[in-house]
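For clarity, chains are labelled A, B, C, D, E and F in written order, and residue numbers in each chain start from 1.
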Amino acid sequence: MKIRIVTPIVTQDFVTPENIREYSDAVGPKHEVSVVSIERGPASIESEYDEALATPEVIGRIREAEQEGFDAVVINCFGDPGLKAGREVVNIPVTGPGEASMHLAATLGHRFSVVTVLDNVLPMLYDEAAVYGVESKLASVRSIDVPVLDLHLDLDDLAAALVNESVKAIEDDGAHVIVLGCTGMTGLSQAVTEGLAEQGYEAPVVDPLIAAIKLARTLVEMDLRHSKKTYPYPPKKEIVGYNV
Amino acid sequence: MKIRIVTPIVTQDFVTPENIREYSDAVGPKHEVSVVSIERGPASIESEYDEALATPEVIGRIREAEQEGFDAVVINCFGDPGLKAGREVVNIPVTGPGEASMHLAATLGHRFSVVTVLDNVLPMLYDEAAVYGVESKLASVRSIDVPVLDLHLDLDDLAAALVNESVKAIEDDGAHVIVLGCTGMTGLSQAVTEGLAEQGYEAPVVDPLIAAIKLARTLVEMDLRHSKKTYPYPPKKEIVGYNV
Amino acid sequence: MKIRIVTPIVTQDFVTPENIREYSDAVGPKHEVSVVSIERGPASIESEYDEALATPEVIGRIREAEQEGFDAVVINCFGDPGLKAGREVVNIPVTGPGEASMHLAATLGHRFSVVTVLDNVLPMLYDEAAVYGVESKLASVRSIDVPVLDLHLDLDDLAAALVNESVKAIEDDGAHVIVLGCTGMTGLSQAVTEGLAEQGYEAPVVDPLIAAIKLARTLVEMDLRHSKKTYPYPPKKEIVGYNV
Amino acid sequence: MKIRIVTPIVTQDFVTPENIREYSDAVGPKHEVSVVSIERGPASIESEYDEALATPEVIGRIREAEQEGFDAVVINCFGDPGLKAGREVVNIPVTGPGEASMHLAATLGHRFSVVTVLDNVLPMLYDEAAVYGVESKLASVRSIDVPVLDLHLDLDDLAAALVNESVKAIEDDGAHVIVLGCTGMTGLSQAVTEGLAEQGYEAPVVDPLIAAIKLARTLVEMDLRHSKKTYPYPPKKEIVGYNV
Amino acid sequence: MKIRIVTPIVTQDFVTPENIREYSDAVGPKHEVSVVSIERGPASIESEYDEALATPEVIGRIREAEQEGFDAVVINCFGDPGLKAGREVVNIPVTGPGEASMHLAATLGHRFSVVTVLDNVLPMLYDEAAVYGVESKLASVRSIDVPVLDLHLDLDDLAAALVNESVKAIEDDGAHVIVLGCTGMTGLSQAVTEGLAEQGYEAPVVDPLIAAIKLARTLVEMDLRHSKKTYPYPPKKEIVGYNV
Amino acid sequence: MKIRIVTPIVTQDFVTPENIREYSDAVGPKHEVSVVSIERGPASIESEYDEALATPEVIGRIREAEQEGFDAVVINCFGDPGLKAGREVVNIPVTGPGEASMHLAATLGHRFSVVTVLDNVLPMLYDEAAVYGVESKLASVRSIDVPVLDLHLDLDDLAAALVNESVKAIEDDGAHVIVLGCTGMTGLSQAVTEGLAEQGYEAPVVDPLIAAIKLARTLVEMDLRHSKKTYPYPPKKEIVGYNV
């Protein structure tokens, strides 16, 4: 099985070698994971605007992956930019961390909260939950007020901030499950779980990109693709200015 | 008052001189309406894919409108491409036909149906309704199976197809109000209303672009802009490949 | 265009000359606005009981307006007394500030809160939101604990109280948009907007009566009337004790 | 226990002696039931308009009942006119057939349908369900197209029409329980149950007025009254033209 | 009328003679109430696990009650163990305190809260509300952190704890009505009502078992049984290890 | 990884050797799958009653699996008997085909339908969807009217019946995705997919047990367990008649 991960930003060092090991581990030993980023778009995604500028090339990368023989594509951003448009242009599974992790979290407990980077994206993530149909399981979306590109600066501080906001989600919003709301937080679910445990909270913490990779693998193994009734191929027509 | 209408496709003759008269009438005599289209993007919008490729330049057009002193922007497509991203980059009202007409229709009767172009866009329009919060007022979304760029070929046939599908919406889905689900249907609300009346149905028929223009005018007059808590300015960052 | 505003209370000086100027401004220069009140009913509306006693004569005023050649009627109370019954008896648009402002607010941001007069009317306004289908966009309804007829006593105090409660709506309930929940607050949206800005909050503040007037104008201009499938003429029958 | 039933119409022979026996049976042997109608209002209730004209005197009758020492009031109309306003003016339970029967039906099976008199009242009854919070249990509202005052003309025809429409509710809308949607249908639940059984359908059929009487008795016996936080006494104020 | 109350636990002294008097009072003088418990199952119900172990014998007790000529069965636990399965095996009404009291509370005010024994059962009771279709009327579920079998230890302390948590439900969650969330609290609704009144809160307090008994009586009197379309007899088949 | 599959019925030949191969394939080569059934309970599950009688021993089997060192448990029935109770008693993941497949299906398209065995279980499956929070994604639940233990009699007939009912779900209910609603249909998803394709429908068909196995594997690999805030250990207490 070959899985392509599309990182929808132009920042080259966003995905670390350690990340790639985690992605590979998620798919398993015999399978191939490859990561590509985009060349046109934003440095990070923290707004509807950023998403909009990332999406055209994400779609291109998804089509390219199918042409190169990949079995599935995973979009490396919690906002799932290009998820629906990308599914239209191919006939292989395309998964997104937002959708995959919210549905996974919905199976893990009564209500879940998403803890994300900035207040900017809160309405966007509530909209995602509405479209994905999991609104009644969503306790809240909260932010730690750290921009995406600063997430890596101090991982201990980051974990502490995530624990802090997760405790508020549990105490004030009734969350029983925590979803990390940015794929730049990959690798931190264990630290947040432990941080919560130190404060007496036993809550599963979902890493969204890993959830999306696992979902992609499951779909490939079950020979499932997204419904072409929901995601039909776009009608052929003139497109100006894009090589897609 | 100066209102800019952004037609998010590269098809130049999509907006007819007659359309422009209708738009001007909608804003009123002392005001200015100007229409621009985009240079990079699809010929028409009939998929998530088309929307995604239209959006970057729509955002640019919205920002440009504010810089040129326009008081509001209206997006000329029922799918509202760039509506949320566009609101982030400016501090003037930005309205969309999908959102404006659905909320207007919700005030006109018990339930409304949207009658649109192709089956392709049905899930997209149900998602719009979910995000706009009007799901409980939406009876159904139906299509007449005519592509956007063929809408103008025979206006009598088009009106007949819209009436036909509207009758099904009324009889089978419980619609009390009809929303035309494509701005390429502008100018047809009266013909559909009359066609329905001939078959014994008295239902208001909403022209979505006119609804969006009226909403833009109302917001300007009331000195209202979209909430910056929902649509904050995007964080400054490197953007590659876009002049926006 | 001639728009009739029906103030559903017997208090004669509730609508000030300054208010009438605002209403006229809202419709625009070439149009006519006239305001009538009722002769039988309550001094103000602050309960289901007050609404019930106001409604019969409101309906009469609505029918009278159509007979006198008015193009639309606006009910001057956030509780929208007589809105649905009034629509049944005429074939011109009838709009209400509660419905018009809630749907307008729903287009302005993620969630809105209504800030109204007394705790008494909270359940009534939550019920309105349920019937209008905007429940998922409503963050909360809050009150400033000032009776309708005391609203005019000190406009600075009133604005301060509205700002104060709006801040709670924003901070505690997640509101991104504020709706003034009584038409006795007409004229204060700017002061509340500024008061919020002084405390660092940038939120649109919707004046509900102006929203209803704008909606009425839009419906007249678009030649739309409320669905007769939702609001059929009442069956003819004996009515005792009412000259309606 | 003394229960007052308020028939909110001016038609004097709407309640038959046989009906009164049924009401008495519903409360039980040692208790008193008395029925009053109104002197100002409509001959029957088949619209929001009719409801609005009935409500003021219904409120008066409710207050009068408390003053005369009644323990509870039941409103004799499925539209529940004056239910909420009436609860505000007294401190005894006030029940309505719409609310009581919908909640009762919700406990009897997966989904229920209401079968009522005329299409006119369909939106009104859907609104009731929304306000009462039972929308997810409501399969549909259907009508037999018979005006209230013609219901008594031929009881066999009436039962047949109710059976006919109930079968459609079961087959087409997924109803498992039927609610008779007009108190003019009191006494027919058994005939409809049997008519359904003859066609092979085993579905409970709820008589709404009896449900409301039973609920009133239960509240009196349990010493429960409606929450004064939801239904506070209306603020004292000038009321013109009503002796309430 | 003969009503059988099934206490789904093996604890013999859970139902006191005083309780039985209350149950009898609830049904009325001429009727018979008898209480049985189970011989296999848990000592009390405070988890899904306890419910699961109680249910098989509850079903047996329900079938037995029908065979012994009882007219209805009431399950004596707020979690309603065996409610749906029990309805399948008989053709007499079976009611549960959770369902009965939540629907009753929904008619008493804007929103209700349930105050129950332990945090353990909170998700279970939220699930009940979802299945019963009253989620939009439910303000919250709260617990007093007292196990079921300790409820009787100090009734004054218990009432004080219930008042304390009810005040939080009113102040913080917007409850207008309180439901006692365990049938081990039977007999305390008056004390909680008075305790709330002492602190200035006027809210109805619903005793759930009494609500379920009243509902059972109403169903018997109205000759209603639960829909066999929702609760068909289970298909005949081999059952090993149960004498049911 | 060791995964235990608990078949909650006493029928020994329900799981075929071919089934076991499919389960093993689903987990992957290096892992162990073992299947156990129960000794006390029903021959098949087609009612709430059957579920209730299966559940106690299912819980025992779940606890046993943890004691025997299994990493996760999968319940082999679409009704998910014992899912929530079982999670309470262990600290390893427990998944169910109903929950797992509905959330998976929700990610595959706009709406999904479940096609199950008998009408009896329809309300039960709608309740499942409500509790799992996926109601807005569920188009319908339909049945083929074949008992569980007859499913294996003629696999071609079975596939044809599933295709037939799936077409109705797509055409009449708006389904874009099909979920097989019984784990006795394991192995048929490909045949149903092909049968649909022959009739011109391209819809993913989800095998629920495989979905549950994949979810279990994912949870083990991600080191996730169900929230102990939702599923706390049951309080210790006397249990009579069960060796659990």
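Note that a contact is a pair of C-beta atoms (placed from the backbone, for glycine too) under 8 Å apart; a residue touches a chain by one contact, two chains touch by 3 or more.
Keep in mind that what you see is a predicted model, and the values were worked out from it rather than measured.
Matching the C-alpha atoms of chain D with those of chain F calls for a turn of 120 degrees, to the nearest 5. Taking the options A-B, D-E or C-D in turn, the interface that duplicates A-F in more than half of its contact pairs by residue number is D-E.
Centre to centre, using the average C-alpha position, chain B and chain C are separated by 27 Å.
Between the CA-based centres of chain E and chain F the separation comes to 30 Å, rounded to the whole angstrom. Averaged Cα coordinates give chain B a centre that lies 43 Å from the centre of chain F. For chain C, the set of residues that touch two or more other chains comprises 109-110, 123, 130, 135-136, 176, 230-231. Note for the complex: chain F touches chain E at residues 10-11, 39-44, 46-53, 55-56, 59, 82, 84-85, 88-89, 118-120, 123-124, 127, 130-131, 147, 149, 230-232, 234-235, 237-242, 244. Listing the residues of chain A that touch chain F in their complex gives 26, 28, 95, 99-100, 103-104, 106-110, 132-137, 170, 176-177, 189-190, 201-204, 206-207, 210-211, 214-215, 218, 221-231.
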